[in-house]
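First subunit A sits with subunit B, and in the next complex the same chain sits with subunit C.
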Partner chain A sequence: MTEASHIQARAPRGRTRPGKVFSIVLLTGIAVLILLPIVFTFLYSFFPESEIEAYLKLRGSYDDTQWLGVLLSPKLATIRQYYTILIEDPQYLKLFVNSVKYSAGILLGQALVIPMMAYALSRFTFKGRDALFFILLMLMVLPFQVTMVPSVITLRFMGLLQTPWAVILPMWFSPFYIFLLRQFMVGLPNEYLEAGMMDGAGTFRCYTHVVLPVCRPVLGAAVALSFADCWNLVEQPLVYLSSRTADQPLSVMFNQISTDNSGVAFAGAALYILPALFVYFYFQEDILLGVALSELK
Partner chain B sequence: MKMKKIAVRGMIALAIVVALCMFFANTIVTITTPKVRITQGDRGRLEQKISLDAEIYFPETTDYTLTDAMKNSIVVNKVYVRPGQTVTAGETLFTAAMPDYDQTMAELQDKYNAKAAELLDKDIENLRTDKDSTENTLYEAVLDAQTALADAEHDARVLSAELGIALGTELAQWTRRAAGYDELTAAVQAALDAKDIYDAAYDAFVRDYKRSSSQFRETTFQYVKERNGLLSELNGLMDDMVALTKRKDGLTNVTAPQDGYVTAMNVKSGDTYDGKSAAFTLSDADAPPQLRADITGLDKVIAENTKVEITGNYGTEKTKVESTALGGDGKKYLYIALTDDVISAKGGVTAMMTDGTVAVTVRYKAKESTTLIPAAAVRSEGDTDYVYIMQYGSGGFLGSSSMKAVKTSVTVLERGDTMVSVQESLDYQEIITGEDRALSDGCTVMEYVD
Partner chain C sequence: MFRRKKSVILYLLPGLIGLTAFSLAPFIGGVYFSMTDGTFQNNFVWFDNYKEIWQNEMFLLGLKNTMTLSLFCAPAIWLLSFLLSILLKSLGSRTVFFRNALLLPYLMPSAALLLIWLLMFDYGGVLNRILVGLGFSRVLWLEGSALRVPVVALYIWKNLGFSVVIFSSALQTIPEAYYEYARLEGAGPLRQARQITLPLLMPTAFLVFILGWINAFKIFKEAYFIGGAYPDEAVYTLQHFMNNKFARLDYQDVTTAAYSFAVIVFVFFGLLYATRAVRSADRT
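The block that comes next holds the complex of A and B.
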């Protein structure tokens, strides 16, 4: 059963027809408002650069009392913007690959570390476990600006500042995903693990062969959400890689690209969206299910 | 599941596209980007080698027309000089024959003989008597004085003809015309003395005739008058024969009247010359020949002393510009010094005149220092001249280096073969001089590397 059918099943019956129509209209309107930027991004990416540049120059100089006109069709549909960023100026691709590298490095590290930490916090009883979990919760609510300076000091001490590891390593221990998985694992019935142990499985085998398969939905949700975090990293690279512009991910440099090369801003944005979109499509069921099962909803 | 497949395929497709683009981007960009050659602008005076065709030019020339040939035309036998040769005064230019000389001389001699015979007949007819008398003495004195006067006049005329001086018919004018020639002056004085003797004898003769007792008859006076006329005619015929002989001498061996170059020889062997036009032209010895080139269409001001190179038989000879001036035909000419080295290198003036033109190279140098850029860099669109300047900048993402061709208008001051002088200060700018395809303003370019 899909999540959509879940929601539909829970909807109260006997709602009046006008109310239903109103809901549909309202939700459709909201959906359109949310989707409109994405639609415009892809639509404008096929406009000529000159037309886009001229249009974007209107920003800040248009008449406040009037609606800014919306471009609906290009004078000439072209893939010139894509040609520029993919072929003519491959610097964009280099930044794109940088983002892929950071995302891959972070996700792989998180895949190794976070499930095991969540497993330990949820299944083992040891001295200081609750204190540790409390610290974890505290770290989760602290904004990055608070932990930034200690992190810089620590990374410099370790000799990792101004290296890609300064961005990748701290993200391996992201408190939110530990918390997310821990909450899910806490809810797992003990019978699952006991059955495994009775069949002769040790702690690690129980983890790999029982817990992880059962946690697959929440793992998918965690991967999708973490990917979104990694793909949109801004503060960490800016602080940890301040002198290494060439190693910055696309998320950091995208604003500058849009300013300097407004003619290709929409094609750049479209390409920038695509990976996140594909990841979301792939994990969309897991995200909903995982969040629901981990009782975070 | 369907959405997962779409997502996976999309991700794979995106990865492939990104990978391919990263791999082939530089190759595609290299293929699609115009390649250009660049050079740097410079500052200096525009130098240009201007190739011109020059011709030999003689500043001062004199046309010589042999007017004697109008009376007796001549046929040229042999011409000894050619245009471009130097001659000295008295040097034979050409020889000729006077076909009607013999006939004319014979006619004059026949006339002379007839008149002489007539005079002889009259003298015989009027021979004086043997009887001594005052009348006979006066008569004899008049005849002797008349003969002496005719001889003296004849001598003076012959001498004057030899000297090329025309004495005329009035004896009173002879002294003035003979001034400066001692021998002729003496001959003229002898004629004048003879005239005085004749006048005195004639006056005495006339006085005696007027006496009532005079024995003279009217026929005697008539004889004396006729004799005067015959003697005058004989002198005239003699003058004609002398003049004819002198004309023959002058026209059959035509010599240079002055030193200088033969600039034109209008007669050739076999031609009949009638004296109506110049037979030859000589240059003034004090005005040496020059090279003259037509620069009417040239939009440059070439200064005096500008270097000129002329390729000769043994290398390149150097000379210089002497002046520029408008010619009589309204054209603007450049006058170049013709040195002995140049003449020698080109095989002489005659050879140069035979060739017609001489290729000269003027090393033009502008007066003022301006921005100089290669001529190939300057393009024209209507009346507007422009160049493409290379602009380096952060044209790409993150200020990645890019090279762009930026169209910049220029004001062309002067054009050379290889360089152009422009008003704008483009010193040390990198200017595009060549490209493998058409450029447009602001287009991205790559530098062509050999």
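The block that comes next holds the complex of A and C.
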């Protein structure tokens, strides 16, 4: 009997050891690969504008003898790019503020409407509840373009087309988040609400004092995921605000302004990423926990 | 659970009004819209628009591309996230960094990452360097049908983490005792995976697959960023067709295309649900 098999027999966990090292190496590799685009965006944002501009001009060459180098360190590390987009040229900042406005408007409305709807769908019994939930699932499956034209007609009828409200209002009723919250609330033990009712709380007090606090993780997850949607909004503003360039969010216009002033593109991208990064790190625990506790099965 | 409470209507009302106004009514109204001819008199033409659209080459191209892209993305994400979550589980509890690294792209705005992406896939870019280093020749990633690769890669990069999180949390709910018992009985890792992990993971796997597929149908964003409003044929999606028709005020074509697509989506999910129902009936 060799020594190796002897050790294995004594320590049953010994067998998983090499496997564990392999997993760690593989996962580290994948994680680095995934994070690299973000790291490089931040790195390039500290390069001088002229260097980035010259570098980006080298793209799209068909010359088989030439390579596009990877810039690793700037000739001169500078925050000039940030200065340009934040102070010298207000164009970027305006679009950034638009994006903030849309995200804030959408998230506030969603906070009012969506948890209430999920509460009704999960903690009440009423006629047509299952049908309503089914319709919700169907709406969730549909891509935006399917209801695009009729929505435009509805919005025009309401006088909202080509105003920021056309982007904000319909997003308040996002079926996916109703679904996500409902799946979480369905799993709450009945005792919580019964305890509330014993103390004389009505349905509303149960909602604000029992259900909402208990739902903290999934609410955090929903805020983070919904923020990601808002921050990345493309289809809706393209259609609903087609004639209002000044009202477009950064997500639609970023490519254009970064081709116009390629020297500051990376600082723009880095600043654009930053709020999403903050939101992510603030809510990361909630996302993991919220998804884990929802009955997403 | 509250029964026979009148107040439920108060909680439902805001959401119901909104959903009706912005989703349900447009959806139903659109059916009528797709059957009119769009002239001043707005004649009712039944299914003429549908007959026409199914002969429209660009529509068929867009439909084909949306289908191919999602047929590739959804299973790829499903498989990768399944494998990754198994890897994560094998590490035990110290996985926060990895899970964060995987999920972070989900919150990143695609537009901000586009430039790095284009640099990476450039003819002289990093990817081609690696290819040449491995002994292959360079590929023109940003032209022709190869354009699908950066589009799909950006999509997978962004959406992989969310599926991993769902899978991981499902894996955590499987009691460790099952595996211990299986080991005592002499079942190897493969057998454990097949007889414990897979069956218990089925419902989650189904959900991840569905969510993945829904989102893959919405792949327009990535294709739009990389290819623009009129991209190469290979990444011209159905949403491009609809958006461009919309820009030309051709509303009938947009709604007709939309409903043709909606029917396909509904049939598809109907079939998936039916097979699932049959399977679970078999089990019991």
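Note that in this section the second predicted complex is superposed on the first by the 274 of 297 C-alpha atoms of A that agree within 3 Å, B and C clash if a C-alpha of one lies under 4 Å from a C-alpha of the other, contacts with A are read in each partner's own complex, and residues count from 1 in each chain.
The definition used in the following text is that a residue touches a chain if its C-beta (ideal position, glycine included) is under 8 Å from a C-beta of that chain, and two chains touch if they have at least 3 such contacts.
Computed from a predicted structure; not experimentally measured.
Q: Do subunit B and subunit C fit side by side on subunit A in the superposed arrangement, or is it a clash?
A: fit
Q: Touch check for A:V279: first (subunit B), second (subunit C), both, or neither?
A: Both: A:V279 reaches subunit B and subunit C.
Q: Can A:D260 be said to touch subunit B (first), subunit C (second), both, or neither?
A: A:D260: touches subunit B, not subunit C.
Q: After superposing on the shared chain, does subunit C or subunit B touch more subunit A residues?
A: Partner touching more subunit A residues in the overlay: C.
Q: Check whether A:D89 is in contact with subunit B, with subunit C, with both or with neither, and answer first, second, both or neither.
A: First partner only, subunit B.
Q: Counting only touches as set out at the top, which of subunit B and subunit C does A:N190 meet: first, second, both, neither?
A: A:N190 sits against subunit C, while subunit B stays out of touch.
Q: Please indicate which partner A:S50 is in contact with in the superposed arrangement: first for subunit B, second for subunit C, both, or neither.
A: Neither subunit B nor subunit C is touched by A:S50.
Q: Of the two partner chains, subunit B (first) and subunit C (second), which one does A:E235 touch, if any: first, second, both, or neither?
A: second
Q: After superposing the two complexes on chain A, what is the shortest C-alpha distance between subunit B and subunit C, in Å?
A: It comes out at 13 Å between the closest C-alpha atoms.
Q: Of all the subunit A residues, which ones make contact with subunit B and with subunit C?
A: 277, 279-280, 284
Q: Can you list the subunit A residues touching subunit C in their complex?
A: Per the touch definition, subunit A meets subunit C at residues 12, 16, 19-20, 23-24, 26-28, 30-32, 34-35, 37-38, 40-41, 44, 56, 58-64, 66-68, 70, 112-114, 116-117, 119-121, 123-126, 135-136, 138-151, 153-154, 169-170, 172-173, 175, 178, 190, 193, 202-204, 207, 224-225, 227-228, 231-232, 234-235, 238-239, 242, 250-252, 254-255, 258, 265-266, 268-270, 272-273, 276-277, 279-280, 284, 287-288, 291-292, 296-297.
Q: Could you please specify the touching residues of subunit A with respect to subunit B in the complex?
A: Counting only subunit A, the residues touching subunit B are 85-97, 245-246, 253, 256-257, 260-261, 274-275, 277-282, 284.
Q: Which part of subunit C faces subunit A closely enough to touch in the complex?
A: Answer in residue numbers: 1-5, 7-8, 11-12, 14-16, 18-19, 21-27, 29-30, 33, 84, 87-88, 90-91, 97-120, 122-126, 129, 138, 140, 142, 157, 165-166, 168-170, 172, 183, 203-204, 207, 214, 217-218, 220-221, 224-225, 238-239, 242-243, 246-247, 251, 254-255, 258-259, 261-262, 265-266, 269.
Q: Show which residues of subunit B lie in contact with subunit A when the two form their complex.
A: 3-4, 6-8, 10-11, 14, 17-18, 21-22, 24-26, 28-29, 32, 394, 396-400, 402, 444
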